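Order of writing sets the labels: A, B, C and D. Residues in every chain begin at 1.
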Amino acid sequence: MFTEVIKPRFLETDALGHINNNTYGVWFEAARDEIFRIFMPKANVKEWNIIMAHSPFDFLKEVFWGKKVIVKTGVIKLGNSSIELGHAVYQEGKLCTTGKCVLIHYNFETKQAVSVPKDIREELEKHLFSGHWLGTLEEIEEYERSNKN
Amino acid sequence: MFTEVIKPRFLETDALGHINNNTYGVWFEAARDEIFRIFMPKANVKEWNIIMAHSPFDFLKEVFWGKKVIVKTGVIKLGNSSIELGHAVYQEGKLCTTGKCVLIHYNFETKQAVSVPKDIREELEKHLFSGHWLGTLEEIEEYERSNKN
Amino acid sequence: MFTEVIKPRFLETDALGHINNNTYGVWFEAARDEIFRIFMPKANVKEWNIIMAHSPFDFLKEVFWGKKVIVKTGVIKLGNSSIELGHAVYQEGKLCTTGKCVLIHYNFETKQAVSVPKDIREELEKHLFSGHWLGTLEEIEEYERSNKN
Amino acid sequence: MFTEVIKPRFLETDALGHINNNTYGVWFEAARDEIFRIFMPKANVKEWNIIMAHSPFDFLKEVFWGKKVIVKTGVIKLGNSSIELGHAVYQEGKLCTTGKCVLIHYNFETKQAVSVPKDIREELEKHLFSGHWLGTLEEIEEYERSNKN
């Protein structure tokens, strides 16, 4: 699991007084930076080789400006050319937002999906997602309670 | 169905040369403006009474700067206090991105979900989502082909 | 003068309840779309030939979600390779924000400034900026008073 | 001087392949976080007491995704109720963007500017801006050359 610490930015709030829902995708993209570097070690845009096919978000609790946020990221599923990632946003020890995304290893010239090479696959397998947040709300609450003790 | 015409903004592109995935949620929020006004006729932030619980996105085709985009929005499902909306982004007659969102009619003071009142419900029922994009890719392609003729 | 009508987006507000200051640059960029098309008639990113060197903003009045905004844009000064533009944001007939920007006609391959060709120059001269907002605050207030009558 | 280390986000790039100009204001706002906390120690939006009146930007060099950025922030001038800040963005040891902003200590209830209290003033004076970037381009280049040796 990767851990990204993010300071909410004031412009990421909206008139309701908390972080706007469109911000979480931005944070998740920032948190995928380490994943991007597994696929593109030189962090060079010209060698870009992944696209996103699908992404769902669940908004559980409000997030506020003024307190740091932790974004946990890990691999949920590894297909032939696809990778499913999970993301979870925590603020003050509470799970606030979850999301997933399906990435496709992709050749921009031939415009086709490409198998994930063995070395990348092995590196990704070191960062499997393990999170109670994938369970029911009760499991999440149990997880949070146990983390406080 | 509501129709929102949007000019992609240059900063909404990214280094891959097309619209960044995080932009679609922003456009969908803009396209929900008419829905917001059904719930809050005065468009006053202080009377805000909906929250978003869940939102998935499907990225089908790249969208580019320089050509207008149409965002179609309609009601998919009306629950007791929840409303599911569908969104579809078209550029040059092609379906590029789809999304849904589940909104909850909500009382920010009591922090509880509230039944959607009858008058709002009746207004929402006038804007049901009807879109082939909810079907398979083949159906979408068939729909696009038939629209060209 | 170009006129761009913009609906403020909810995510463009912040926790203070009005439009976040970082939004105006985004609107100004959107309002420059017509200028971009004078320089790049095909609206193709690959033929991009301008860069921004400098840009100041003046924040006069708060702008709110829920009411449309007008952005006025015109040419203030035409140099050899540089163009100075002026922008002004109005909401409900009041001048809220002003900005300028200095663009340079630029060759991305040779990385050098390039003279603005005669045909582009003639087109730009049709869109000169004329606005009392370039004057003192008193002149702006006088202008707004006279617009109400 | 405050130092904020920022990882450019992929969505902050645009189709020209580098960071979009509208991003710098966002980074500067993030870098003002420490200044905000001098004015509002509880980091509570309800006690907000500053507004921005003016802000210019100078774009000197392109900034890229994939390499960290340093934003230096300091106080340029302290007026009775106003504070002028300077910001400078460095990537790979090079000065890329500069900006200033004029903030006003403000009472949102009476809608009036308010003198900066003595304790805040003393705290701000510890963070004066000192940067060659305020000089000419030649001075900036000299400064960068000398930093390499």
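To be clear about the criterion, a contact is a pair of C-beta atoms (placed from the backbone, for glycine too) under 8 Å apart; a residue touches a chain by one contact, two chains touch by 3 or more.
Please read all numbers here as calculations on a predicted model, not as lab measurements.
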Outermost chain relative to chain A, judged by CA means, is C
Centroid of chain A to centroid of chain D, CA atoms only: how many Å? 29
Could you put a whole-Å number on the gap between the CA centroids of chain B and chain D? 36
Between chain C and chain D, centroid-to-centroid distance (C-alpha), Å: 23
If you look at chain A, which of its residues touch at least two other chains? 10-11, 13, 15, 17, 22, 26, 29, 45, 65
Graph shape for the chains shown, where an edge means the two chains touch. Line, ring, star, complete, or other? complete
Listed in rising order, the residues of chain D that touch chain C in the complex are 15-16, 21-22, 25-26, 29, 45, 48, 51-59
In the complex, the residues of chain A that touch chain D are 7, 9-11, 13, 17, 26, 29-30, 33, 36, 42-45, 65-67
Parts of chain C lying in touch with chain A, wherever the complex brings them together: 10-11, 13-15, 17-18, 20, 22-23, 65
